[in-house]
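The structures considered in this document are given below.
Consider the two complexes below, in which chain A is the common component and chain B and chain C are the respective partners.
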Partner chain A sequence: MITSAMIFGLCGAAVIGIGLYGFVIHRNLLRRVLAFNVIGSGIFLLFGAMGYRSPILGADPVPQALIITGIVVALSATALAVALVVAYARATGQSTLPEDGAEHKTEDKADER
Partner chain B sequence: MNGELALVLVATLPLVGALLTVLFGLRGGFIALAVAASISIALFVLILDVAQGGVIEIAVGGWEAPLGITLRADGLALAFLTMSALVMVAVILFAQGGFAPRTIAGKMVEKRASYAFWPLALLLWAALNAIFLSRDLFNIYVGLEMLTLAAMALVAIGGKAESIAAAMRCMMFALLGSLLYLLGVSLLYAAHGTLDIDQIFARTTTANADFVAAGLITAGLLLKTALFPFHAWLPPAHSNAPAPASAMLSALVPKASFYILLRFWFEAVPDLANQAVMWFLGGLGALAILFGSLMALRQMRLKLIIAYSTVAQIGYLFLVFPLAGGDYSAQPWATNAWSAASFHAISHGLAKAAMFLCAGLWIVAVGHDRLDGMKGLAQAMPMTTFAFVLAAMTLIGLPPSGGFTAKYLMLSAAFSAGDIIWVVILVAGGLLSAAYLYRPIAFVFERKALQTTVFVSHRLQAIPLILALAATLLGLASNIPFELLQIGRPFASSGEME
Partner chain C sequence: MKSESVTQAKKQPDMIEPLFDLILSALILATALAAVTGRQVFRSVIFFIVYGVLIAMAWLRLGALDVALVEAAIGAGLTGVLLLGALGRLKHLGQISATSLSIWFRVAMAFSAAGVSLGISWAFITLPEPVGLQAAVNTQLTIAGVENPVTAVLLNFRAWDTLLESVVLLVALIGVWSLAQNEDWGMRAGLTTHSPSDEVLTSFAQILPPVGLLVGVYLVWAGSSQPGGAFQGGTVLAAMALLIVMAGLMAPPRVGSTAVRLIVVLGPAVFLAVALTGALSGQFLTLPPAMAKALILGIELFLMLSIAATLMLLVLGPPESKAKQ
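Entry: the complex of A and B
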């Protein structure tokens, strides 16, 4: 039998999957930060659904407290990440990171000069 | 009672200091120094108390686990707390007089960077102390996030395009790592209704979710520790930051996530630690040693060599898992292997901080860190060179040094276990580190007409020397820290379980 907690949990898992897909597939930094937030929301949804005990007992309040803390942490991380994206865009005009290795090459060139 | 007060002070003082440095930005250096002095005193009292009376534990706010959070000072925690305190005091002294921001061109940047440096450094310290003392997996998560955010900001503090790119790359790994860890923690809570390490250890059932949770938590922490193959972000991040920031980042930040892994596998879920998982972690560590060392051999910039050396040295830490974890935890050599990892973490922390500070001084002297431009520096700055060579001795594992004690303990454990593969890795890693550290030393010692160097005060030069001497002293007087480490160590409990 499918309980409402299970539906919420499955939705959370699906949201995590969508977010992870976005995180891996996009190279645009802002999109990656957004994908991080999507994954985070999925985890919070899943975590909240896990707090469900029974129709009489209702929900365990501890996951809710932890989720709120988690949201604050995710918010601060997002703020820093977006600030870095903006600073990076200002400094280079780019919205994506160079591929691995490309960065080292430019460094080497700078060294040779 | 004194010990409990000292424990609370160690956990809270850096946070208070961070807030004060935000309020009184111009006096940041002085406040940081005062906070560092008070934490050192509190830590000293705490160590004395624990050495006499054993483990000290407090339930924050009088709330017992699982609802509340337990803070505990045992031998392992004290060892790591002491290492961070030594490194932080050195870094704070080193960065006095606006040294940290002076390495950055432009006056506007200087103001912003010097304003941001002190709160970030103290926040980093607060996060470390919280992680080392906490017994609650979610509280550790919050500490880990605080650590990551402070560290990322320190990477980017220079404001140059490369350092922002390095911070951004780092951030992507760190964000993914923290989500994996959080997901693992939430699964553990769902299965057992507690996040207290001791209560998870004492759980009566093992749910299938436990394996998934352990995998997620481990993967998340590996991303944050920068263990091979997740190391790509570390070298650019650590080498692009200003010297005092690099010292903190390379010496302390990876240790925190390793410390959590150590606590998790040895104290929370030792029953899940089967041989395959432990060998997998050890194998990644071995690959990190080889790959990091080979990459360090190829670098032409001193800071990149030191940063790749961190990638390699992190690998040694993970050899503790196959040597002391799983079935081996009840074996007599497990104690040696377990203590070796802590010894290695601490001596590496001290030596690596010393190295980055040396590199910072040389950069001040000659204006860059390219190896070919550093010839003759040994004559110009003998004190810094001596500190660098001492630190290199610890990293290579030459006696007498903390690194030697660590390698010796680990080798003896590997021989006792009869796993010769780890012996080979340890010896090969030692030889490789000798090779990649010889290169910068050879350049510095090359006899050449002295180039015009900027004068660096002896007071600044003394700081890395003291750190390097501390790393050496750890090998000369290894009995005291060894005894301290055994207080409240996990094998006593896991032995009873057998």
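Entry: the complex of A and C
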């Protein structure tokens, strides 16, 4: 029989993939922060499902405690990342990082000067 | 309590529960996809909030009530507020570009990401039979001082993690504050706005906080024997404080005021003091079983205050007088 742990474990694995995809295809930094959070919560879901695979033992409290810690740390990291994005946008007028090629061009210009 | 529900689940081998899980998973995947690929950033953030609520329901299905509480409050609530706030600031700066990369790149990346997911799924399916730490936790639970195994792990068995986590919160706050402009330092936290008085928001902010305060403190108290704890309670308090600030009923605290600094440091400091006292009587971070419950509740109460204040300040962001072009 299909167990909840199996379903949500696979769901977590799929969420990680979705988050990774979003993280790579967007150049907007805020979207990357969001996608990063999606990856993180997929990992938590996978981890939590791993701790719930045995129906006799029930939910394992140790992964639960680690996940709670992880969620709070993820929020701290997100707050710092968001503050950095806003500060970056204010300093450069951009909400995306420059492409590698563009960066080289500006460097070249600087050299010419 | 948990074993009862497990046996109940075993008694009824109907198809309703797997069906519910499958539908919930489908909704989770759909909202995650919408959050990641949505055209407008605003819509993405809204889908992300919905996604967080659905994930909290998944935690309920996985028997993890404590995680569900944290996920609903932090994953869906505070992260959503944080992202919406950032979006507002970037819009103010006129900086919401939606450049995305070429279609071929996206297709290639979609296949790579699917490959990663399949690899992880394969690893998950072929995992060996679980041994679990439930037995180890349960045998030690009598000397932990609290009956909720998750709280026991957080505040006693793995207190080291929790102590460092409270320090991580503190370091993140220092990082966020250090991004303030020189001339804004010492001002009130967050972007100073003159939000038009919204009657719905104002009445919400007047009615909800007393209830929220009660719920927050109850969650910490109940956390010793039932789902709940300092993080859940602290997050509820932070949300209430944010609501009051956002409705304009109270100005956010000034960055760098001594009172704010004291509240933010109090929790980790009390935790560390208890840990060091343990070190004098034997081992760092060990709680004597006779006093464990009192010590854990004491630590949790101060931690709750610090967590609430730190989370609120993290979400408000560095002080900003006005968004400059």
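In this text, the second predicted complex is superposed on the first by the 98 of 113 C-alpha atoms of A that agree within 3 Å, B and C clash if a C-alpha of one lies under 4 Å from a C-alpha of the other, contacts with A are read in each partner's own complex, and residues count from 1 in each chain.
The criterion applied here is as follows: a contact is a pair of C-beta atoms (placed from the backbone, for glycine too) under 8 Å apart; a residue touches a chain by one contact, two chains touch by 3 or more.
Owing to the predicted nature of the structure, the values given are computational and were not obtained by experimental measurement.
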First (chain B), second (chain C), both or neither touched by A:I25: second
Contacts of A:P55 with chain B and chain C, given as first, second, both or neither: second
First, second, both or neither for A:L80, with chain B first and chain C second: both
In the superposition, chain B vs chain C on chain A residues touched: C
First, second, both or neither for A:F36, with chain B first and chain C second: first
First (chain B), second (chain C), both or neither touched by A:F47: first
First (chain B), second (chain C), both or neither touched by A:T69: both
Residues of chain A that lie at the interface with chain B and also at the interface with chain C: 16, 33, 46, 50-51, 60, 62, 66, 69, 73, 76-77, 80, 84-85, 87
Residues of chain A that touch chain B when the two form their complex: 16, 23, 29, 32-33, 36, 39-40, 43, 46-47, 50-51, 60, 62-63, 66, 69-70, 73, 76-77, 80-81, 84-85, 87-88, 91-92, 97-98, 100, 103, 107-108, 111
Chain C - residues contacting chain A, complex: 2-3, 6, 9-10, 13, 17-18, 21-22, 25, 28-29, 32-33, 35-37, 41, 44-45, 48, 51-52, 55, 58-59, 61-64, 66-67, 70-71, 74-75, 78-79, 82-83, 85-87, 89-90, 93, 95-101, 105-106, 109-110, 112-114, 116-118, 120-121, 124-125, 127, 129-130, 132-135, 137, 149-150, 152-154, 157-158, 161-162, 165, 168-169, 171-173, 175-176, 179, 229, 231, 307, 311, 314-315, 317-318, 323-325
Footprint of chain A on chain B - complex, ascending: 66-67, 138, 141-142, 145, 148-149, 152-153, 156, 159-162, 164-165, 167-169, 171-172, 175-176, 178-179, 182-183, 186-187, 189-190, 193, 232, 236, 300-301, 370
List of chain A residues in touch with chain C within their complex: 1-11, 13-22, 24-28, 30-31, 33-35, 37-38, 41-42, 44-46, 48-62, 64-69, 71-80, 82-87, 89-90, 93-96
